[in-house]
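Order of writing sets the chain letters: A, B, C and D. Residues in each chain are counted from 1.
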Amino acid sequence: MIELRYFAWLRERVGTGHERIETDARTVAELMSELAARDEGYALAFSDPSTIRAAVDQELADLDAPIEGAREVAFFPPMTGG
Amino acid sequence: MIELRYFAWLRERVGTGHERIETDARTVAELMSELAARDEGYALAFSDPSTIRAAVDQELADLDAPIEGAREVAFFPPMTGG
Amino acid sequence: MDIRVQAGAFDMGAELNSFAAAQSGAGAVVSFTGITRDLAEGGLERMEIEHYPGMTERALAEIAAEAEARWQLAGSLILHRYGPLTPSDPIMMVATAARHRGDAFAAAEYLMDYLKSRAPFWKKEITQAGAEWVQAKEADEDALSRWSDPDERGS
Amino acid sequence: MDIRVQAGAFDMGAELNSFAAAQSGAGAVVSFTGITRDLAEGGLERMEIEHYPGMTERALAEIAAEAEARWQLAGSLILHRYGPLTPSDPIMMVATAARHRGDAFAAAEYLMDYLKSRAPFWKKEITQAGAEWVQAKEADEDALSRWSDPDERGS
């Protein structure tokens, strides 16, 4: 089981801020493909990977980062704080 | 008649903050030489021109700046504000 | 280092005073405050800031630690709000204290550059026409490149 | 632009708040405060700042006008004390407000660099051992060179 978190417009498109799933995905990118195949909302949310950032266990991670053993993976648009 | 002003250690060495004098000096440098020749205090104050800055009518001026028509010439060490 | 992520408003002047009072021997104190500004076309009714609790504090602490490692700082402060904000509200502030002003300035700019692109905050602008997520600027991402050479310290 | 040269103490936090409140549409406010710090060897009893009344205000206004010409600023503040100061007293502050943080930071650094070497203030440190005029640092004079190329705006 892995905890997924979504923020900003990604959260709005998938329709939830977090969920727990079982997955065989080995990397962030594989997880994104798996999620995009779920339904229209997810497909729209993950349609352009270049606009998405990911964090594995609360650390920014590349798309090819492994997720094995991770407790939490988060997806969100580029940050706009400050 | 021209108003002379001295600041910081220059003021302390010449012994006054301002004075009015008559001078034939045409430039800041000539005025400095004239003043240095006055007495020991002035000689000490003006012994090293590289450590002295000048202003003519309250604008920073080079040593070869003309002083004809100036109302006020000031001498002081490099600034240390901020 | 003092890191605070909070929903409530803050008084930038009071924060600056208490930050400065806590720094001994630091002759130079720099602050940056980001304030909600109206849109170019006007009509901003509200701003909402979402963040990633847990990761936010972690990311800010890492950014501040890196700044304290790169420059001789007496101290640093990062304070960032989340939730609904009204126009002209301060959104966030950073402050740095150092013996030399160059260190304080460079560290404050570094904190801002990294906070903008590496701390998980997202702004949403609400106008009469609706709500829109603020888009990240390429310039903000580009700003990070100036810190990548350890010899280039923003001097 | 707001230029003040005064003998009295000031409250940097209150000044920052009133400066920021006066800037409309400026999302970025930067402040720098210089604080009397003790000497490396300790024992600073008092600091005295001498200045050149008349020329000081003129020089500061010129420096601020140049900053407002170089960067897109909503406003700027320079406040500098003179006379006797006790250790840990704020000596001076500058503040800048702009739409973009890069402008606010660069202008604040510019104001500080020019104020240090071009505004007629002189500091004297008084310890038990006696009084000594602070010597200008070559680094402060050198700092001005980075502003001489109009394309180099402290980015």
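Note that in this section contacts are C-beta pairs under 8 Å (C-beta built on N, C-alpha and C of every residue); 3 or more make two chains touch, one makes a residue touch a chain.
Because the structure is a prediction, the values reported are computed rather than measured.
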Practice item. Please find the path from chain A to chain C through touching chains that uses the fewest steps, and give that number. Key: 1
Review point. Chain B to chain D: how many Å between their CA centres?
Key: 26
**Study point:** chain B and chain C, separation of their C-alpha mean positions in angstrom
**Key:** 48
Check your understanding: Taking each chain's centre as the mean of its CA atoms, how far is chain A from chain B in angstrom?
Key -> 71
Practice item. Any chance you could list the residues of chain A touching two or more other chains? Key: 82
Review point. Chain D: which residues touch two or more other chains?
Key: 34, 101, 112
Review point. Who touches whom among the chains?
Key: A-C, B-D, C-D
Practice item. Could you pull out which chain D residues touch chain C in their complex? Key: 11-17, 20, 25-38, 90, 99, 101-102, 104-105, 108-109, 112, 143, 146, 155
Review point. Which bits of chain C are touching chain A when the two form their complex?
Key: 34, 49-52, 54-55, 58-59, 80, 91-92, 112, 115-124, 133-136, 140-141
Exercise for review: Using the touch rule from the top, collect the residues of chain B that touch chain D in their complex.
Suggested key: 5, 7-9, 11, 55, 58-60, 74, 76-82
